[in-house]
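In the two complexes that follow, subunit A is the common piece, with subunit B as its partner first and subunit C second.
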Partner chain A sequence: MKNCRPSKVMTAHEAVSRYVHDGDSVITGNYTEGLPFSLLFEIIRQRKKGLTYYSQSGSADVEFMVAGDCVDKLCTAFLHKWGGRAAGGMVERYQRAGKLQVEDYSNFTYNARLAAGANGYSFMPVLPSIMDSDVFKIRDYMGENKFGVVRCPFTGREIPVVPAANPDVCLLHVQRADKHGNAQHWGGLGSTVHACLASKTIIVSCEELVDFDVIKSSPHHTIVPGFRVSAVIEEPYGCHPSELPGYRNPDMTMLRFIDNSFSSDEGLRSMFDEWVYGLPDRASYIKHYIDVFGVESLNRYRARSYYSAPADYGVAFESGWDTYGQALLLGVDIAGLEQLIAEKGDLVDVD
Partner chain B sequence: MLTKQVTKEELLIVTAARQIKNGDVVALGIGMPILAGAVAKNTHAPEAVLLMESGIVDFEPCVLPVNVADATCTRGYGYSVDLFSVFTTIAYAGYLDKAFLGVGQIDKYGNLNTSFLGTPPAAQRITAAGGAPEFYAYAKETILTMKGKGFVEKLPYMTSPGYLGGGDEREKSGRYTPGSGPSILITPKGIFKFHPETREMYLDALFPGVGVDEVRADIPWDLKIADPLGSFPVPQDEEIVFLRRLSPVSSFSNTTGKELVMAHIRKQMEEKATGR
Partner chain C sequence: MRDLNAPANPLETLAYIIAQQIEDHSVVYIGTGIPMVAGILAKKTHAPNITLVYESGGQDPIEGDMPWSVGCPMTWRKSPTIMEMSYSFAQCYNGYVDIGFLGFAQVDMYGNVNTHMIGKDYHQPKVRLTGSGGNNDLSSLTEKMVLVGLQTPDKFPEKVDFITSVGWLEGGDSRKEAGLIGNGPAAVISPWGVYDFHPASKRMRVKSLTPGVTFEIAQQLTGFELLRPEGEIPDTKLITPECLKIIRAQVDPRGVFTTMPAA
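Entry: the complex of A and B
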């Protein structure tokens, strides 16, 4: 029998070279936390070009991707103001220099594009106040297609709508996943589920690879089913310096260090040789962090456990037979069932 | 009772915190709003439901978070939901009592710019829209905070509509929660409110050591002043003690805070390099 549930476990290098192509649209699934930095750094190291990048949080993730010259177009809802008031971060510098096209949505309207994409709709209604905002009126590369307006067939009211977004590749970092790609995440959800399910290919990195037994005893934490996932990477610290509930707080030492890099003319690029190009994988990145800041600094941000109360999924019966060997609803044992079949069954001759 | 020395930043945070009533459902953003929400919840409003647009609902800030889905906010919270549902099932459906928004630029009718200081794409950025336009439209009431001097006659980019052209324009449009809009703006110099009919912003109270002329100097229109002026809230020890426990760096201005943190990191790196 063909193995229909193969292991999808591979390295970040393999996943990115296999599934991310020049010119693709790529979305970071995580919303401000658990940002998939290992996968993003791999994309930068492989010097992918011409990407349309979706980043709702507009945090350090997009700064690295833009500084890596991977991105031509950015769809976002927020951009953290790195690098001080005047200079700004890499996104701002590239946008102002005409090297990057940026389409600005609000968090809700950005999420609505993905909700449409995830559910298979071609557009999604959004909330009417946006029509008074310059988010609606001022348009970049999406042009006419940034928003539309339809009339409700029932109330006659005007309703602004956004087009569906279906990125080519979604990058997701989670607490745990199994080898088939069943991905479990807990904490701030943002638009993570919509981002994943709207995408054609999903790459999952996880802090821990677990057995399917763990997944099936806690399905309420599974945010993406394995059959939608193409690659699974076991990548401890895969989201560092971003945080992940149960694992670590944001690494403020590294984030301040990143922030400080913007004060140079090169901005974030000044970190690339040492921190991105110079380190082939996540393990070497963490080793380098320890060399620079010390293991004490890494451990300072480690989470102390606060466990979720277990949810009891127990049932009374695990087959059509009760614990005394009696058939449910019939009240007979195996021999009794076979006797009933002989007497009352509509028997057929199959020899 | 107040026995502690209080900084300007702390006074602003406590002023914002006092806007929250016990039991309110409140949307918070990063920075001063989170600090204000945490202070309120740990002092006069323990039953407030604090939420962030990432879908972390009914949480208790214990450390200053750096973003709206920060893991420091998910150590025990009541309701985990997605962002889309926060805006539809909570805000648009009418269950959000208050929202806090940080302001880049504001005009006299409380319209906000948090995007660009000119026409994109060439203009300097502020940040971007984030959750502001929809929270501002659908929370029953919004509390605004502004650190800079962003009062302008005409916004170069209107991210989040306030009272639009003033009067009943917002109400009449039918695009907003009835009765919603900004109730108060808190800046380092004072407290501003909005006239119930004209919806024009006016100065309601001054912070200590600030004169009316200093406020007027930042404002390009002929600012109306409440007569008599109102007063600012005097922080209490329990508020200040809690705030310093939550976020010791927040007693300082952003610039001073960043300098203090960076000096500490440099010291750590030096100690590491010299093998201590």
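Entry: the complex of A and C
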């Protein structure tokens, strides 16, 4: 049988229409860097509704998703308020208006929910510091299921636990991936790996689509195996205006503009019309950015390279040969082994 | 470029006082904001051998620009290790971190911390704040926990609006009875004073005050009755001109965390 793996490469529009459904739970896999803004804007453009949105260190991503009327429920550990203190931020406004339910965890307990989900456990113990706090006591949409308490069978102590989280869709932006979905990310990981591996469907956008050879020579950078990924989008600037190691710093020009826009209803509407609804995809977003702020502004935040030393993955095949020149495990000599490799072939693409 | 000769503002004073709590060779857990300024200041001055630990994963980064949050690339710039968050926290759980700093929007007389919301009803907040982040997670973990923030009667209420992180709970033995590990909060630092907790009642007590601040002034800046230590109240050591210059020229040259917000 031929060894075939189909390409998963598609556009953000295709990926979101195919894999994100009204009422889904959607998690932003990235912690604070490389936030998947291209995919988030696409979700808002497609006017997805009733989402449960997970964002551990909620930044402009939460503000956009809430202001885009996509989110009914928010699970978070931290929220950065945009638009200044007076405007109050989207979460505060929507929460007060009764349009948004917010469930607060701490960073570790938020992570523990995903770690449980990634491991296939139904719950995970967390540290007792949470038990006497209002994070534990005050509950929103999770109700009784926000936290539980079990007795440790070994020490007899009471231990707070969190339920597993297995979001429907994880949105992830990375530096590079191949067409099979093997996604490589380096930098501040936060809970990114747990967020991906806990989720049922993973959509990856990447700055660069690379050959499988690049991936297999640097497996230590791969945070999610290809077979778990449903869609791969080659999306340069897919996380703009947030930062990505090796590519760029946060774009303060754009972030200041966003902050100002969030400070008034009028600014918010015009920003959404101009930058989210008014532009069909990321390429036109970047083109629009250049028209508005100039290419110098874009280049000002470009990263200066600092390369990782290559790792040597060589192995000593000789130790696998017996005294008759036969490979110990396969029972063939070197010519036989070469023939086996030739028959097996490398990965064959269908496209 | 910041004016290197202007008098120290309360945030710079705060950063300096915090830095003084850090001993050389210790492992320091750093939260967003003033603690980052203090940690980097300590490393550049009296404590060059400390290891700075950030929750997003960076351990012991080579200094660069001021990070704008604990998730910023400057928290792992040229770090020997970038961990996943769960392991970064777990080092505290396992007792490998010596000192940690928690920011607060409100702190009460027993050192309980609020960073979630202001108002009576969580579901209808008057002001929604950041939430826990790693605040609660650190509150029972490191050997020495120091609470850091500004001081007004609203920020030092008798009871916080929301307990994000547990300090000494209701005082006395209540923390121990609740089964909490860790040593509990050791100190509270504001620009106006350094406070500790009475060993038996666990109520907040003046330890030292910024020169010019009397016990009465500190009390007026506090929403509950402060305890007075026995004997004379010592002055908090003020920031030296050298350290002030280092903050402004090297640690936070753009004034991200050490310029006072406009009123």
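Of note:
Note that in this section the second predicted complex is superposed on the first by the 307 of 351 C-alpha atoms of A that agree within 3 Å, B and C clash if a C-alpha of one lies under 4 Å from a C-alpha of the other, contacts with A are read in each partner's own complex, and residues count from 1 in each chain.
Everything that follows uses one rule, which is that a residue touches a chain if its C-beta (ideal position, glycine included) is under 8 Å from a C-beta of that chain, and two chains touch if they have at least 3 such contacts.
Predicted, not measured: the structure shown is a model, and the values here were computed from it.
Superposition note: with subunit A as the common reference, subunit B and subunit C are in steric clash. Once chain A of one complex is fitted onto chain A of the other, the partner contacts of A:140 extend to both subunit B and subunit C.
By the touch criterion stated above, A:57 is placed in contact with subunit B and with subunit C alike. In the overlay built on the shared chain, the residue A:287 is in contact with neither subunit B nor subunit C.
Within the superposed three-chain arrangement, the count of touched residues of subunit A is higher for B, of the candidates subunit B and subunit C.
In the superposed model, A:151 makes contact with neither subunit B nor subunit C. By the touch criterion stated above, A:128 is placed in contact with subunit B and with subunit C alike.
In the superposition on chain A, subunit A positions 31-33, 57, 76-81, 85, 88, 91-92, 95-96, 104-108, 111-112, 115, 127-135, 138, 140, 157, 186-194, 243, 245, 249-250, 306 are in contact with subunit B in one complex as well as with subunit C in the other.
Of all residues in subunit C, only 55-58, 68-69, 71-73, 75-76, 78, 82-86, 89, 93, 116, 122-125, 127-128, 130-137, 139-141, 162-166, 169, 178-182 touch subunit A in the complex they form. For subunit A in complex with subunit C, the residues that touch the partner chain are 31-33, 57, 76-81, 85, 88-89, 91-92, 95-96, 104-109, 111-112, 115, 127-135, 138, 140, 157-158, 186-194, 243, 245, 249-250, 306.
Subunit B contributes residues 52-56, 63, 66-76, 80-84, 87-88, 92, 115, 120-134, 136-138, 157-161, 164, 173-176, 258, 261-262, 265, 268-269, 271-272 to its touches with subunit A in the complex. Every residue of subunit A that touches subunit B in the complex is listed here, in rising order: 30-33, 57-59, 76-81, 85-86, 88, 91-92, 95-96, 98, 101-102, 104-108, 111-112, 115, 127-135, 138, 140, 157, 186-194, 243-250, 252-253, 255-257, 259-260, 292-294, 297, 303, 306.
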